[in-house]
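One chain, subunit A, links the two complexes that follow: it is found with subunit B in the first and with subunit C in the second.
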Partner chain A sequence: MQSKEEIQRKVAAVLVDALNVDEEEVTPEARLQADLGAESIDFLDIVFRLEREFGIKIPRGELFPESIFQGDPDFIKDGRVTPRGLAELKAKMPFADLSKFEKNPTLEGISDLFTVDAIVNYIENKLQAA
Partner chain B sequence: MLLKDQVALVTGGSRGIGRAIVLALAREGARVAFVYKGAREAAEQLVAEVTKTGGSAVALQGDVAQADTASRIVEKVLSDWGRVDILVNNAGIIRDGLFVRVEQDDWDAVIDTNLGGVFQFCKALAMRMASQRSGRIINISSVAADFVNKGQCNYAASKGAVNSFTRALAVELAGRGVTVNAVAPGFIATDMSEAVRNKAGDLIQKMIPMKRLGQPEDVAAVIVFLASPAAAYVTGQVLTVDGGLSLGISGP
Partner chain C sequence: MRWVWIDGFVEFESGKSATAVKNLSLAEDVFAEHFPGYPVMPAALILEGLAQTGGILVGEANEFREKVVLAKINHAKFYREAFAGERLIYATRIEDLREEGALIAGTVHAGSELIGEAQIFFAHLDQSRGKQLFGDHNFVFSGELKYLLGLARAAAKPADAASRA
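Moving on to the complex of A and B:
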C-alpha cells in the first residue's frame, strides 16, 4: 500500500505533465479547471496517465462523472443543481468535498469540485479497494 | 531534413499517392511505417527503395476497413519506435457506379475504408498525440467531395465526411498542439484514377487549368509541408491540390 504522501507526489507529477503547469501550482486545493487551466481533453489525459502511473483501470465517468453535466432536468434546473442532482453527485463523487458546494450548488460550481485533493482521495480509495 | 527522427505512419502506402508520401517523408528524415492491403511485392520494393537511400521504412499488412487493424498496427509501431508523430490516412478505394446500381457492399466497402479507416487510426493515436502534446494528422480527401462526379455517391460521401471529421477533430486536439488537416487531390496519375482517365482521355487534361494531371509527388510535397514545423499554425483545413481543377471550367 502506498502512503498518502506517495500518492500525492505521484498525482502532482501526473498533473504537471498532463496540464503543463508548475509543481508549485499543484496545491491540494487547486481546482483543475479554474486554477490549473484544464480543458475537456485534459481530463481524459489525466485519467490515461493515472491509469499508467498507478496500474489501475478507471472506468469512464468514475473519476470525472459526466452524467451530471449533460443538462438532465432531474439534476439541473435553471443553472442550479437540484437536490436529486446533489444526491447523485455525492453518490458518484464520495472522494470530493461537497461541503462548500452545497451552500451554492450552481452548474458552473461543479467543475470546482475537481481538485487535486479529490483525485488523491479517489486514488487512495481505489488502491484500498484493489 | 525537415522531419529528422520523427515517426510517421502512412496507410495505403505501397502504391499511388501513398507511395510518394512514404518516399517524401523518408527523404525528410522520418522513419516511416506504412500499411498495405494486398500489394506485398510493391510494399517490399518500396521498403528496399527507402532503405537504399539511407532511409528507414517498414511495411505492415492490414486492411484499414477492419476494426482491429489500426490498434494492431499502432501497437506494433509503438513497440518498435516508441512514438508516432505523423499520421497520414491515405488508404482509399473507389467502387464507382450510378447510385441506383450501387449495392450495399459497394457502399460499405467505400465508407468503411475511406471514412472508417480514418476513424480507426485517429482513434488509435489521438489520445497518445494529445498526451505527448504534439502530432500531425493528415487525411487524404478528394476534390470529388465537393465537385462531384456521376457514379461517385459513395466516394463523395466518404470524402465529404472526412473533411468534416477533419475540422471537428482539429478543434478537439488544437489545445494539445496536435494539428489535423486534409489534403484534397484532383486528378492524380495513379492506378486508382486510371479507369476514369482512360474513359475521359484528353478531356481531363483540357479541364485542368494547369493542363496536366497531378503527379503523386505534387500531393506528397503538400503532406511534407503539413507535417513540417512550417505548418505548426495550420489546423482544420482542407488543402486542395488539383492544378486549379476545382476553380471552374477552364476555357481555351
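Moving on to the complex of A and C:
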C-alpha cells in the first residue's frame, strides 16, 4: 500500500506534466481549473496519466462526473445546484470536500470541487479498494 | 490547397500502429515562403502529418464511427530541420485507447535519422459535447480526409495483396 505522501507526490508529478505547471503551484487546495489552468480536455489527459502511474482503471465519469454538468433540471435550477443535485454530487464524488460548496452551491462553483486533494483522496480510495 | 500532409501509408496495423511517408517537394507552396532561399518544412506541418497518420489510426480502430479531433500535443521535440528533397517517415503507435479518446506516440525520421517525436492526444468528439455542437455529420472523416481513409484501407490489406496491387 502506498502512503498518502507517496500518492501526493505522484499525483503532483502527473499534474506538473499534464498541465505544464510548476511543482510549487500544486498545493493540496489548488483547484485544477481556477488555479492550475486546466481545460476540459486536460481532464481526460489526467485520467490517462493517473491510470498509467498507479496501474488502475478509472471508469468514465468516475473521477470527473459529467452527469451533473449536463444541466439536468433536477440537479441544476437557476444556476444553482438543487438539494437533489447536492445529494448526487455527494454520491458521485465522495472524495471531494463539499463543506464550503454547500453554503453557496452555484453551478460555477462545481469546478472548484476538483482540487489536487480530491484526486489524491480518489486514488487513495481506489488503491484501498483494489 | 489540399489539407493532406501525408503521401501514403507504408504500414498499418489496426488498433496498434501506422506508418506514413511524406515527400518534401520544393514545388510545394509552403517552401516559397518558409523560408525564401532556405526551404525548411514548418514544424507545425510535420506535427500535422504525424497527427493525420495517428488520427487515421485512431479513427480506423473504431471503424471511423468517432469524430477524432486533435485535442492536445503533450510533448513535441525536434532535433533538426527537415528540408525540401527529404522523405519523412511518420511512425505512430497507440499508447492508450478508450471511449473518450486516445493517446498516440509518434516519431519522425528522415531516412534512418530521428528528427522529431511527439505525443498526441485525440478526443472522440461525440463522447464529449460534440453532438450538441456539430450534430451527426462526421466532418472529420469527410472530403479530403476520405482520400486518406482510402489510403489507410489499402495499406491495411494483407502484405501479399498490397504487393500484387
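As a convention for this text, the second predicted complex is superposed on the first by the 130 of 130 C-alpha atoms of A that agree within 3 Å, B and C clash if a C-alpha of one lies under 4 Å from a C-alpha of the other, contacts with A are read in each partner's own complex, and residues count from 1 in each chain.
In the analysis below, contacts are C-beta pairs under 8 Å (C-beta built on N, C-alpha and C of every residue); 3 or more make two chains touch, one makes a residue touch a chain.
Bear in mind that the values here come from a model prediction, so they are computed numbers and not experimental data.
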Subunit B and subunit C placed together on subunit A: clash or fit? clash
One more residue to check, A:Ile41. First (subunit B), second (subunit C), both or neither?
both
Practice item. With the two complexes superposed on chain A, say which partner A:Ala87 touches: subunit B (first), subunit C (second), both, or neither. Key: neither
*Touching A:Ala130, do we find subunit B (first), subunit C (second), both, or neither?*
neither
Request  = Name the contact category of A:Arg60: first (subunit B only), second (subunit C only), both, or neither.
outcome  = second
Among 45-53, 81-89 or 243-251, subunit C is struck only by the subunit B stretch 81-89
Subunit A residues contacting subunit B in one complex and subunit C in the other 18, 40-42, 44-45, 48
Within the complex, subunit C is touched by subunit A residues 17-18, 40-42, 44-45, 48, 51-52, 60
In their shared complex, subunit A is touched by residues of subunit C numbered 71-72, 74, 96, 98-101, 103, 121, 123, 128
Touching subunit A in the complex, subunit B uses residues 127, 130-131, 133, 172-173, 175-176
In the complex, the residues of subunit A that touch subunit B are 18, 20, 39-42, 44-45, 48-49
